[in-house]
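As structure tokens, here come the structures.
Common to both upcoming complexes is chain A, partnered first by chain B, then by chain C.
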Partner chain A sequence: MALLVTYADKKRAVQLGIVLAVAAWIGLDAAAGGGEGWARVWARLPILLTGNGSGWPLSGGFALNIFLSLCAMALAALLGTVLGFGMLAKNRLVRVPCFFVMNFLRNSPWLVLLFAMLYIIPFNIRLFGISIAVPAFVKAVIGLALPTAANFAEIIRGAVQSIHSGQWEAARSLGYMPMAIYWRIILPQALRRMIPGWMNLYALLMIATSLATVTGIQDVITTLNTLLAMENERVIVYFYITALFLFFAFCYPLALLARRMEQSVKGDSL
Partner chain B sequence: MFNLDYSWLADPVYQGWLIRGTLTTIELAFASSAISFVIGLFGALALTLRIAWLDAFIELFVEVFRNTPPLLQMLFFYFTLSTIGLRVTDPATGVSVPLLSAFACALISLSLFGGALCIEAFRSGLDSLPRAVTEAARSLGYSRWQRFRRIEAPIASRICLPALTNIMTNQFKTTSQASVITVPELMYYAGQIYNDTFRTAEVMILVLFIYVSLVSLLSWGMVRIERALAFPGYGRAH
Partner chain C sequence: MNRSDVLIELDQVNKSFGAFQVLKGISLSVKDGEAVCIIGPSGSGKSTILRCINGLIPIDSGSIRVGTHAVHKMKTEKEMRPLRHQVSMVFQQYNLFPHRTALQNVMMAPIQVLGHDPKEVEVRARRLLAKVRLSEKADSYPGQLSGGQQQRVAIARALAMEPQVILFDEVTAALDPETVKEVLTAIRELVDEGLTCILVTHEMKFAREVADRVCFTDHGRIVESGPPAQIFDAPQDPRTREFLGQVL
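Then we have the complex of A and B:
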């Protein structure tokens, strides 16, 4: 039987080869004396992942990054939906300010916005005479949610506007009310196109949670820096590679999934 | 609630820091964008050759750089290249100093990050060329290089331009993270200023406005270029 090797097969074989080569290199390196470095990383891995030496309860580390990204995404979804529909509003008085806010937030660097939120939000908020301390975590959530909300809104606007105008006209001629057109005709179609964009945005947000170290919360980078202070120079590289791999292992599957969904959505433009 | 005090801004020392920081930021952003474009162009061209092993390597490079935080990349490059990496002995003092400055490390790190994004952008630009156009060029007897130079590159570069705008503005924003590895750019000087004056909120608001206006200016300029270069009647009409 003749072997039919396609281009994609060849490529996959080479990629598998690279991964195996990296694994082999790590193995060789471990045998040649790098084993000590990996042993250090292995001993510290629970702290990196959970912020806790014994691995439980979760108090920081990479788990905190995930929790932070989920909280920020929830807040961003809320703000972004308001902003997105604000940009689609017919009324200029609503639309123009929404556009302005969206552009401002999209054009500001994540790190600077995070720093700004850290210092603009007061340490204590007085509510009904009771002063409540605002924890750094809440500031990090708000600081990360703002630029995410702007991108979220832009995805909503883009998807709704990508729906062919014939859909609007047909719905109107059938006598649908404007709200009903949105709910029954436009949004069900637009939602399919929004989801891949939102997934990419979430991956981007997860990557950006690494910046939250500036607020002083015990996230993976803060933990990493604390750990590195105790290690010698040879071992530090292993720690960096581990931290990079943690983010890659979380974000790459999301990116793959988003791309697959994008492909499936591509065909249905009407 | 807010009593903002900007009296420190009258101090020429702080003004000088802000200006120097802004210039370093712009320099870093433009240099790294230029290098990323070159990386992206050669990467995307290499992909059109359809060599399986090269394709595999490029894809791996793109995915690794796209799916890890630029902050960590920068720390990693700073550490490997500067702290334990190449060192030269200063002939005057005899002290061993790192060959690459923090700025050079940030430049290398940002260029690779942007390069990975650019490869993706250029590849999808070349992919979205109408098949008929390439076929027409072939049937007219254009050679491979002529076809690229005269037909594919002019059309594909216009298709990628919006994506490039995105990458450039993103690059500009990411330069703020170089302050973490002590590159003396705007964010770094902002830290210096509020360490001096304790006017944290005021400094951050000012810096935020500087960044937003620079990035807005950049994206406005890129949109102008897009409009000026657009083929009349080709592509989406806005």
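Then we have the complex of A and C:
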């Protein structure tokens, strides 16, 4: 009998290998006294997750990262939709500036944009004589939403332009007006191609929320740094591994789901 | 020839894509109820002629008249709407809308563009699907249909607009020889019913059978046109003879 080893088999074997190696390391480390480190992490886990020693109410920590990513994504979706359709506009006066803004934002380092927003947006906005304070959280949302919006817009543009030109021709030959063609024929098809891209983008944004520690908000990284000041140097590595795992546990399922959706969308064009 | 019978008239139509001149003074008139086949080598401008007739491609000079519409004077999609109602088109790549079922594909434009009553349109759409022998596929999505079935849905979709003219752009070129037959049968019925058709095709046998007139194009010109018997059996132009010698 011939032994058949497929690509999927090899992939599964490698994945299993990695999981076993990690488990073995944890086991060996625990045997060498690492259990004490994990115990410290376990005691601090509620603070890391919720910013609150008793775990409730939610006031920061990883929960704040999630909330920040949701707010930034919502703002990015709004700005990105405007920008995306601006790039698809027939009018050059609309299209060219949109392309410029998109390219500028997309090619700027996220951290630099965050710092820029921190200093560009004033601490207080005076409106009709009333002074409104701008919290650091709002600056973090805006700073993260800008590059995300640019990527969001590119996903819209890419999906719309990937629709076969024959769809436009057929719709025009049936008497549809350009706006109706977008609304009734192009967007329903393009939307299915956008969703996996948006999910990947959201996962990237979630990872990038760790940068928001520079704005001083009490997110998981800020909390971690505060905690570490009180901890023994030997246990620092356990805390960082935990933080890494939190982000991984949140983002990896999203990436898996996005990949599955990508595959189900493939090949249904034409 | 009685002028009032002429439904479509092209006069000295020129069209260039960049530096490449696709159409070099095309003149063609098609009478109401006539079936005209356009044959010729690839890149000779056959498909471009069709796209100019329904305004998908604007022309550089010359004039195109369809019924009472002066196509060459229309600038916006809105002005072209009545023309699109009168002239339908079937494409080589079917171009069905993949997110809608066969029945919805046929019903969409009459409801959304022409504003016809949905109930009345559904009756019409089911009748048309039956006509192309696809009643049982009404609720299938284009991706679930074979090429020949998709093309017949596309024909039903074109008919649902109740056009006076249908333009067929190499509708069998993407199909295998067996399914070509089912599509050609559907087209032949339309021609027999007296619908005005302009067909760009590589099916010479079919052209000879259904066409009232055959035009041979080469390098953006209509080299020769006449009844099928004359074009296929006694071509006058050496270029026509050369082309037919290769394909027949």
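As a working rule, the second predicted complex is superposed on the first by the 248 of 270 C-alpha atoms of A that agree within 3 Å, B and C clash if a C-alpha of one lies under 4 Å from a C-alpha of the other, contacts with A are read in each partner's own complex, and residues count from 1 in each chain.
The definition used in the following text is that a residue touches a chain if its C-beta (ideal position, glycine included) is under 8 Å from a C-beta of that chain, and two chains touch if they have at least 3 such contacts.
Quantities reported herein were computed from a predicted structural model and do not represent experimental measurements.
In the superposition on chain A, contact of A:I18 is made with chain B only, not with chain C.
Of the two partner chains placed by the overlay, only chain B lies in contact with A:S108; chain C stays clear of it.
When the shared chain is aligned, chain B comes close enough to touch A:Y252, but chain C does not. Look at A:I207: by the touch rule set out above, it reaches chain B but stays clear of chain C. In the superposition on chain A, A:Y119 contacts chain B only, with no contact to chain C.
When the shared chain is aligned, chain B comes close enough to touch A:Y240, but chain C does not.
In the superposed model, A:S173 makes contact with chain C only, not with chain B. Measured by the number of chain A residues touched, the leading partner among chain B and chain C is B. With the contact threshold set out at the top, not one residue of chain A is in contact with chain B in one structure and with chain C in the other.
Those residues of chain A lying in contact with chain C across their complex are 164, 166-167, 169-178, 180, 184-185, 188-189, 192, 268-270.
Listing the residues of chain B that touch chain A in their complex gives 1, 50, 52-53, 55-57, 59-60, 63-64, 66-73, 75-76, 79-80, 83-84, 169, 172-177, 179, 187, 190, 200-201, 204-205, 207-208, 211-212, 215-216, 219. Considering their complex, residues 7, 10-15, 17-18, 103-104, 107-113, 115-116, 118-120, 122, 203, 207-208, 210-211, 213, 221, 233, 236-237, 240-241, 243-244, 247-248, 251-252, 255 of chain A touch chain B.
Across the complex, chain A is touched by residues 51, 54, 56, 77-78, 80-81, 84-85, 87-89, 91, 93-99, 108-109, 112-114, 143, 157, 161 of chain C.
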